[in-house]
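Both complexes below contain chain A, partnered by chain B and then by chain C.
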Partner chain A sequence: MKNLWSNLYVWLDERVQLESLVAFMGKKYVPVHRHSVWYYFGGVTLFLFIVQVITGILLLLYYKSGEELAFESIQFIMSKVQFGWLIRSIHSWAANLFILAAVIHMFSVYFERAYRKPRELTWLTGMLMLFLGMGFGFSGYLLPWNELAFFATKVGTDIAGVVPFIGKPMLIFLRGGEEVSGATLSRFFGFHVAVMPGIFTVLLGIHLILVQRQGMSEPLHTDRSEAGVPRTTMPFFPNFLLRDLLLWLIVLNILAILAVFFPWELGTKADPFASAPAGIAPEWYFMFMFQTLKIIPAKVLFIDGEVLGVLLFGVAFLLWTIIPFWDRKSARGEHNRAITYIGLFVVGYVLLLTILGWVL
Partner chain B sequence: MNDNTGAVHEGKRDLLKYILGAGLVAWLGSIVYPLAAYLKPPRQAEVEVSSVKVGKLAEIEKDSGAIVRFGNKPVILVRSAAGELRAFSATCTHLDCTVQYRKDLGVIWCACHNGKYDFNGKNIAGPPPRPLDEYRVVVQGEEVLISKQS
Partner chain C sequence: MKRPMIVASIVAVLCFHVFAVAADKCFVCHEAMGDKASTLFKRDIHFAKGISCSGCHGGNSNTDDMQEAMDKANGFRGAPKGDDVSKACAACHSDGVKMKSFGSRLPTGQWEALQSGVHAKLSLSGKEHIAQCTTCHGAHGIVSVSNASSPVYPLNVVKTCARCHADAAYMQTYNPSLPIDQLEKYRTSVHGMRNAKGDSKTAECASCHGSHDIRSANDLKSAVYATNIPATCSKCHSDAEYMKSYNIPTDQFERYAKSVHGLALLQKHDLGAPACNNCHGNHGATPPGVESISKVCGTCHALNADLFSASPHKKGFDALKLPECETCHGNHEIVAATNELLGTAPEAVCSRCHSASERPKGYEAAGAMRQLTDSLEAAEQDARALLDEAEQKGMEVGEAKFTLRDARQARLESRTAVHSFNEKKFTETVAKGLSTASFVRQEATNAIDEYYFRRIGLGVASLIITILAVSLYLFIRRLERQQARTGTHNPQSNQ
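Let's turn to the complex of A and B:
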């Protein structure tokens, strides 16, 4: 058996020169310090993405897009297809855990200033993937064509329509018409299963190649080489990878427990001629924005409240995304306190508004 | 003489550059335009509805509201405790949700962002920036009809 493997290795090595790859992996080290735990969240996010690809493809085998078919096909998956309920439940839960892991990963990178030179592009691709992840969530939410999804999509696309100048054409583009209808469902389906996975995979490839080439970032304050303390590291292969895999296994178990004991509901079928149900709320990761829009008054000075909200969030997200390019201090390797305060404010704001959204 | 031919050559080269450049732009346009046009959904011919029959006056409860289908738009018909009938576009002016009548509050209410409108469709609380568009309610004998405001 061992012979077979080594023969296979030699066969491949002769053709594609595996040696350099193995040498590269053998030389890769992961820094060990008291913040090392955060390194794992990128891997967890990746794992959940893989789960989404697999369960997504499985759902595609039975899902039917269309106003008259979508809801019924999910009903069919959940009631007739063997383990269909499980696959759908895992897909829904993994989607939420994916966003959660990505958000934790993003904030840990932020607070450790890991976005600083030379990792600006890693941060940028990561942020774009986070936005795409939210896009996945938003578009996937509509696919069962239930009541909640219908109104969430109405509100979400209407928010896009509020953006000055490009808003209206964007709304028409997203909805495939003036109103949220079967045309919207077809479009969202296409975005969700073809357009976004394609773009995401390219970004993910760049992101991972950059991580491999540049290695893990070390936070400024644990850069002990200055203090004369030798750096502690751990080989990526196999030490870190095995830890990664163990964590993936744990995450898979958590996912299975959630999916089995808290199966995802389907709700009632969307009816364009019904009122929005009381207690309607978006997915938790949109909650802070939803709650903000609820709180902003109809008119602030001469601007419509919703326009103001959308513009403020737009500017905030843009500034956050391009942070490596304006946080010059961290790029020089100096400690920038302002970044910590901004970060804490953002975390506090998001948490507070999210809680308010659930309570009010 | 030599200088002159050089200038002529340069002039010719410039001309070629413009032709090539314009060709490139036209070529890009011929790709981008059909794509952009394809992405823009075609206008569906809508059946122009001028009025719809809602039902018998006696069947509409006092102090209640109901969503009525007006072409492809939802319209809310509300009846006050005093029996007065009003109809408004049921699309919230804030972010497009469909409103409902709240008996307990005596207002037209939007569940999405807690917007409230009074019996005249006026936005009285929450984020809605404008009143609801009003429709005309006509009672012909026993029949209740809703039509667009002229």
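Let's turn to the complex of A and C:
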């Protein structure tokens, strides 16, 4: 058996020079410090994305897009297809856990200033992937064509429609017309299974190559090498990778428990002529924005409240995305307290508004 | 004491009239000319109240100088035209103080009521409303509504309304879809026949449609709007004192309000539910005859009526002069049909005529049909309970739930099939429902079994994953201990 593996390795090495890759991985180390635990969230996010790809492909075997087919096909998957219920529930749960893991990963990178030079591009691709992940969530939410999804999409695209100048054309583009209809479902399906995965895969490739090439960033406050304290590390291969695998197994078990004990409900089929049911709410990761727009007054000075909200979020997300380029202090290796305060404010704001969104 | 007072009153009234008439120079001249208006005016209630010609026509009625009397400077307006006619009437009739000064107890909102009604639509000329006060009440010979010669007296009002409403050419100009045979139908109704015989108490047009504020039957406020009809009819029919002389029950409304039809119409505002007129007719209102009841009910319950007409019961009921549908379901207080109506138990309607000894064939069939319908209901309930349980457990049973509707449909069809009084036909219908309920039950049971299977599956999967995770953890520990021993990759010493 061992001989077979050796032969296979030699066969591959002759063709793709595996030796250099193994040598590279053997020399790769991961810093060990009291915040090392946050490193694992990148891996968890990657694992959940892989789960999404696999379950998504399996769902594609039975899912049928279209106003008259979508709901029924999901119903079929849930009740007739062998383990269809499990695949659909895991896909839905993994989607939410993926966003959660990505958000935790993003904030850990932010607070550790891991975006600082030379990792600006890693941060940038990560942020773009987070936005794409939200896009996956938004487009995927509509695909079962149920009542809640229909009205949430209506509200969501309405909000996109208030963006000055490009809002209206964007709304028409997203909906495939003036109203949410079968045309919206078709294009959301296209975005969800073709456009977004394509872009995401490219970004993920760049992100992973950069992480492998540059290694893990060590926080400024734990790096005491200048004071003569030796840096503590662990080999990426196999130590870190095995720990990653251990965590993936735990996450897989959590997913299975969630899917069995809390199977993702299908609800009732969307009826475009019915009035909106009570308690329409977006996915939890959009809740803070939705709640903000709800509490902003209808008019602030001469600007429409909703427009102002959308513009403020646009500016905030832009500033957040390009932080490696304006946080010069961290780039110089100096501690920037303002960044910590801004981050704490954002975390507090998001948590508070999300809770308010559920309670109110 | 009484006598002198009566004499004094008569003298006072005569003096007032003599004075008033003597003062009305218009009337004096016009009467002398012998024109029709002043001849009619002599019996007019307004004349009796001392109102002069100038009350409506303006001018100075105290002078015998014609020029001065009919001078526009003195407010003379001649014969009012169009809406000015009604406005001239409203000048007094809408003024409570003036009306009181004439000793009138008439309501003062007639003109306003007329404006809110269907007759306040613009006429063809577009300059005036369709009807003025004089259209119904006449002009110079107006008498009290209680006067038998009044065109709006209960015995005359139908003819007054029919002047326009039975005129096809005239009605076509305003509402071509409105029938013009109301009077004809009315004359065939119990109300119409009594009215023709001189009974002024029976309902005529104004009794149901109102007098001044007559609204379209589609108007929510109309007294003949579907949901208002029972109350309109009950104004008379629930008044025991008023109906005393007719010797008919007065609890119809009370019973109807409790019926399945009454609840649907009056509480759910379901306009498809029948009101009084749907069974009795409206203008031709009359109680349906014994043999025509199934036809009346059949206008809505068509299948039931057809099955009944083809059933052996039709012949038997006709022979016994039993009122078809009413025999089992009642008339005004028809409640929702339940399984209890069917069968051989004392409360079942079948047992009123069928017993083990008398007409035993029907008795046996009724027992068998009841058993079947009970089985179907139980099977449907059982399947529904299992579906609910499966759904509560988070299982997707939407399709089975949808299929269960077929069982309900079969139960409803069986309710209809009862009216064929044919056991074979009934059994076939119930069998469809039983088969559907059985299928749904199986689907629900499978879903519940699947629920438990998932939990067992999760237990096994979790165990495997946990064993793998623990093994991996132990492997990492062993590996790192080995690394520490050999110093190959000591996590604590690498720089």
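The definition used in the following text is that the second predicted complex is superposed on the first by the 360 of 360 C-alpha atoms of A that agree within 3 Å, B and C clash if a C-alpha of one lies under 4 Å from a C-alpha of the other, contacts with A are read in each partner's own complex, and residues count from 1 in each chain.
Quick note on the criterion: a contact is a pair of C-beta atoms (placed from the backbone, for glycine too) under 8 Å apart; a residue touches a chain by one contact, two chains touch by 3 or more.
Since the model is a prediction, treat every value here as computed from it, not as a measurement.
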Does chain B (first) or chain C (second) touch A:256, or do both, or does neither?
second
- Touching partner for A:242 - first (chain B), second (chain C), both, neither: second
Applying the document's definition of touch, where does A:173 land relative to chain B and chain C: first, second, both, or neither?
first
Ask   = Once the shared chain is lined up, is A:32 touching chain B (first), chain C (second), both, or neither of them?
value = second
| said: Contact-wise, after the overlay, does A:134 reach chain B, chain C, both or neither (first, second, both, neither)? | reply: neither
Quick check for you: in the superposed arrangement, does A:160 touch first (chain B), second (chain C), both or neither? neither
So the chain A residues that chain B and chain C both touch are none
Listed in rising order, the residues of chain A that touch chain C in the complex are 29, 32, 75, 78-79, 85-86, 225, 230-235, 238-239, 242-243, 245-246, 249-250, 252-253, 256-257, 260, 262-263, 265-266
Within the complex, chain A is touched by chain C residues 394-399, 447, 454-455, 457-458, 461-462, 465-466, 468-469, 472-473, 475-476, 479-480, 483, 489, 491-495
So, in the complex, the side of chain A touching chain B is made of residues 151, 154-155, 157-159, 169, 172-173, 175-177, 179, 183, 272-280, 290, 293-294, 296-299, 304-306
Touching chain A in the complex, chain B uses residues 39-41, 44, 67, 69, 72, 74, 76, 90, 92, 94-100, 110-114, 123, 126-129
